[in-house]
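In the part that follows, the structures are each spelled out as structure tokens.
In the two complexes below, subunit A is the common chain; its partner is subunit B in one and subunit C in the other.
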Partner chain A sequence: MFLKVDNLTAHYGRVKALDNVSMEAPKGSIVSLIGANGAGKSSFMMCLSGVLRPTSGTIEFDGQRIESAWPEQIVSLGLSQCPEGRRVWPKMTVLENLEMGAFSVREPRVVGERLERAFSLFPILKERQWQLAGSLSGGEQQMLAIARALMAGPKLLMLDEPSLGLAPIIVEKVMEVIKDIRAAGTTVILVEQNAFMALSIADHAYVLETGKVVLSGKASELLQNDDVRKSYLGI
Partner chain B sequence: MTVKRKPYILLCIIAVLAALLGIPRLFSMDYYLHIFVMSEIYAVLALSLSLLVGFTGQVSMGHAAFYGMGAYASAILSLRLGLSFWVTFWMAGLLVGTVAYLIGRLVLRLRGHVLAITTAFFCVLVTVVMNNWIPVTNGPMGITGVPSPSPFSLFGVHAVIETRAQYYYLGLLFVACVVYFLWRIESSRIGDAMIAVRENEELAKSIGIDTMKSKVLAFTISGALAGLAGAFYAHYIHFISPVTFTINESINILVMVIFGGMSTLFGPILGAVCLTILPEFLRMAGELRLVIYGIALIVFIIWMPMGIWGTIQRILLPKGPEKTQG
Partner chain C sequence: MTTIFFQQILNGVIQGCIYALIALGLSLVFGILEIANFAHGEFYMIGAFMALFSITFLGVPFFIAMIIAMIGMAFVATVIERVVFRPIVGKPLINSMLLSFGLSTALANLALYFFKADPRKITSGLASYRFSFLGLYITGERIAILVLSVFLVLLLAWFIQYTRTGKAMRAVAQDRTAAQLAGINIRRIYSVTFAISGALAAAAGTMVGAMFFVNPEMGFTVVLKSFVIVTLGGFGKIKGVIFAAILIGLVESLGGGFISYAYKDAYPFLLLILLFILKPEGLAGGK
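Right, the complex of A and B next:
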């Protein structure tokens, strides 16, 4: 398995944020993690990227155990994330943000190639490359955040609530982009409160409640599941 | 745009350089020259602090402690061991850099005002040690007779550093080296990482930057350079005592950085020079001096939040950085 997480438990002090979470993601898939605010979705991502140390459990990525690796090692192994909240460096230009995303890459030629690719994926960023990132609209900032995460050349991209605060039409654009990224061979883990969006583009999905996985399966099946429809889709 | 501006910038640099080299001829009075030498020392202090505060975004109120430690280290080493300034200067930098590294590892977990207060305590603690560790520091009496740099020969030229003008030129070289050193750091990957930490530490972490390492490095370099400035000061004034290196001095240096404009190299120099010269001008105002000084600072900080240099840049470059929101 490309990504395999077993019995992951994590705490903030005495608060348990994750409770025996197990999940897996095959190569080239889109896997969604859905759940209400405070369910532990962001904590899960932080564990994968090495920013939050799990209390117990294992994470295997592309044949390597990474649960006790440093964030910079994890990035260079090919796991890149787009955290929630303030997603860009507001006082840097768009171009500087993108270059910063390739911080772990030392060959300028590779950075140049990735920049080309980012600009072809997001033409708007090419137009705005000299503008300060803080002056972009919310949707553009989200595009920039995704493009920046791609600059590290990840094999696995993790996105934390990319649809948060965006107009529906922009959310659709973000979904298109995510599909393009997967089509180019990158595995995607998508963390969302917007269950409809997450389930409609994912292959597999996990439902998280207060740090526990309560439901999992094919995304298309979860879309039909009565509990999911009631609790997360409001149908 | 940048190509067109180049000859004009080059001309400015030549003019400024000529003015700087000519200062001892224009202001030959020792009183003026002393103010210029002190401006140089403050320029190094403000520049070194700006790497930490302006560039990496970590507020420290402990800068005077490193400044003082450098002064004491160099003075004691040269008096007790009879070593030349040219040796003790570097030893002071190394020593203070090591202390700064250890303190940095300890305190940089903290952020914002908690970090500021903790470093302020550190500064007070160092002053207490200077006052009470009498066998080594001679306590409140201070240390007298710190020697001038020994005469030296370089490329067949024999030189001494004794007059104010000679100290002025040595100081100029010191400032130039510090500017070059900081410029190299700030335009490297290390500098990129520091800016990323200042602008959004969580995001910096998420792209694999070891943010603690960046902060500790900035703290160490900043402290080491302040130590060097201290060594220079001790061998220039020939006398040091704890009152020079109190928390007031930390605040003074911090104000210079904020006043000049923090995240450039020119801003802190401008801040240091202005705020060294301004109080001297205000001597004429007698008792009211400190009041006027205080009001001037408040007005400047309210009207020019980016510092003097930031404001000049905005006026000179009409298409300056756009306003950011959020």
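Right, the complex of A and C next:
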């Protein structure tokens, strides 16, 4: 299995954020994580990125155990995250944000190629490359955040609520881009507020409730599941 | 009268450039590690002693002594960061305030024990060259110090603006987690930040040791003035800090020359209090 998480438990001080979470993602798939606010979706991603240290459990990525690796080692192995709330560096230019996204990449030629790709994926970023990231609109910042995560050349990209607070037309665009990213061979883990969208685009999905996986399966099947429809799709 | 005035302006600018070297390091550490380092004055003091001993025992020239002090202090600061400050990164500010205050006292007392209190002077060998223009006097030593400090400040500004490591430092200062997610090794950035702050403090200590004296207590008032400068200039704002440093240098020098030299050290704090009353949002404005 490309990504295999076993019995992952994590705490903030005494507060338990994740409780024995297990999940898998096959290579080339889109896996969605859905759940209410505070369910532990972001904490799960931060554990995978090495920013939040799990209390117990294992994470195997592309044949390597990474639960105690440093964040920069995890990025170098090919696992990147586009965090919730975009978190671009507001007082750095768009270009500098992208350059720093490729911090783990040593060859200038590769950085140049990735920059070209980012600009062709999001032409607006090329236009605004000399502008401070803080001066971009919310949608543009989200594109920058995705492009920055792609600059590391990930084999697996985690996106934490990429459509939060965006106009519907921009959300469309973001979803198209996610499909393109997968089509280019990158595995995707997607956390979305909008469960309908997350399930429509994904192959597999997991439902989190207060740090526990309560339901998982094929996304198409979860779309038909009564509990899911009631709790997350509002149908 | 006008000659004295311009003489004091010149002295104030030189003093201000030295303050900029010290305050920039303090500001970088504050911005990147979110640590208030009250032991920063001791970096400056130890750096000055390193230069003094390099000249006394190794017989090297002033410039070489300054470089030795900068490298030596960069190393010591890195070790201090790793051992003392690393464990409290991310904790509330009071932790670093107490810890660094303790470290400051410990380092100053160790220096007092080993180096004794008698003030010593760093000999640059340039003090005897005197130049005069438009009725102003300046020694070769002061010209060298002015040029060196301006050079170091510009070098730092260039480093932070244009190098890969400098950009990573800005990224960590603006959003530490985002920096980690981008693959930036933040522990290395912490080390580099302390190395830079130690090296700049050592350069400043060497310069002050040449113009005035070196003694174990020289770091005490300097660190407080540097906090005044960083507060005035705006935390993490390089240009603001440089501007505030020169302003404080001028205030001290003009106040010392025209009001009373006895209160020289008090003027920066008076200015700060005045500013808090008149312009609570700081010199650089809000944000």
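Please note the rule applied: the second predicted complex is superposed on the first by the 234 of 235 C-alpha atoms of A that agree within 3 Å, B and C clash if a C-alpha of one lies under 4 Å from a C-alpha of the other, contacts with A are read in each partner's own complex, and residues count from 1 in each chain.
As a working rule, a residue touches a chain if its C-beta (ideal position, glycine included) is under 8 Å from a C-beta of that chain, and two chains touch if they have at least 3 such contacts.
If you're wondering where the values come from, they're calculated on a predicted model, not measured in any experiment.
Peer 1: Answer with first, second, both or neither: which of subunit B and subunit C does A:L132 touch in the superposed model?
Peer 2: Once the two structures are laid over each other on A, A:L132 reaches subunit B alone.
Peer 1: Counting only touches as set out at the top, which of subunit B and subunit C does A:S32 meet: first, second, both, neither?
Peer 2: A:S32 sits against neither subunit B nor subunit C.
Peer 1: By the touch definition at the top of the document, which applies to A:V51: first (subunit B), second (subunit C), both, or neither?
Peer 2: Once the two structures are laid over each other on A, A:V51 reaches both partners.
Peer 1: First (subunit B), second (subunit C), both or neither: which does A:W89 touch?
Peer 2: both
Peer 1: Does subunit B (first) or subunit C (second) touch A:N194, or do both, or does neither?
Peer 2: Once the two structures are laid over each other on A, A:N194 reaches no partner at all.
Peer 1: Both subunit B and subunit C touch subunit A; at which residues?
Peer 2: Subunit A residues touching both partners: 49, 51, 70-72, 75-76, 80-81, 83, 87-92, 99-101, 103-104, 148-149, 152.
Peer 1: Which subunit A residues qualify as touching subunit B in the complex?
Peer 2: Counting only subunit A, the residues touching subunit B are 49, 51, 70-76, 80-83, 85-92, 99-101, 103-104, 131-132, 134-135, 148-149, 152.
Peer 1: Note which residues of subunit A are touching subunit C in the complex, please.
Peer 2: 46, 49-51, 70-72, 75-76, 80-81, 83, 87-92, 96, 99-101, 103-104, 148-149, 152
Peer 1: Which residues of subunit B touch subunit A once you look at their complex with the stated criterion?
Peer 2: Interface residues on the subunit B side: 189, 192-193, 195-196, 199-200, 202-203, 205-210, 321-326.
Peer 1: Using the touch definition from the top, list the residues of subunit C that touch subunit A in their complex.
Peer 2: 164, 167-168, 170-171, 174-175, 177-185
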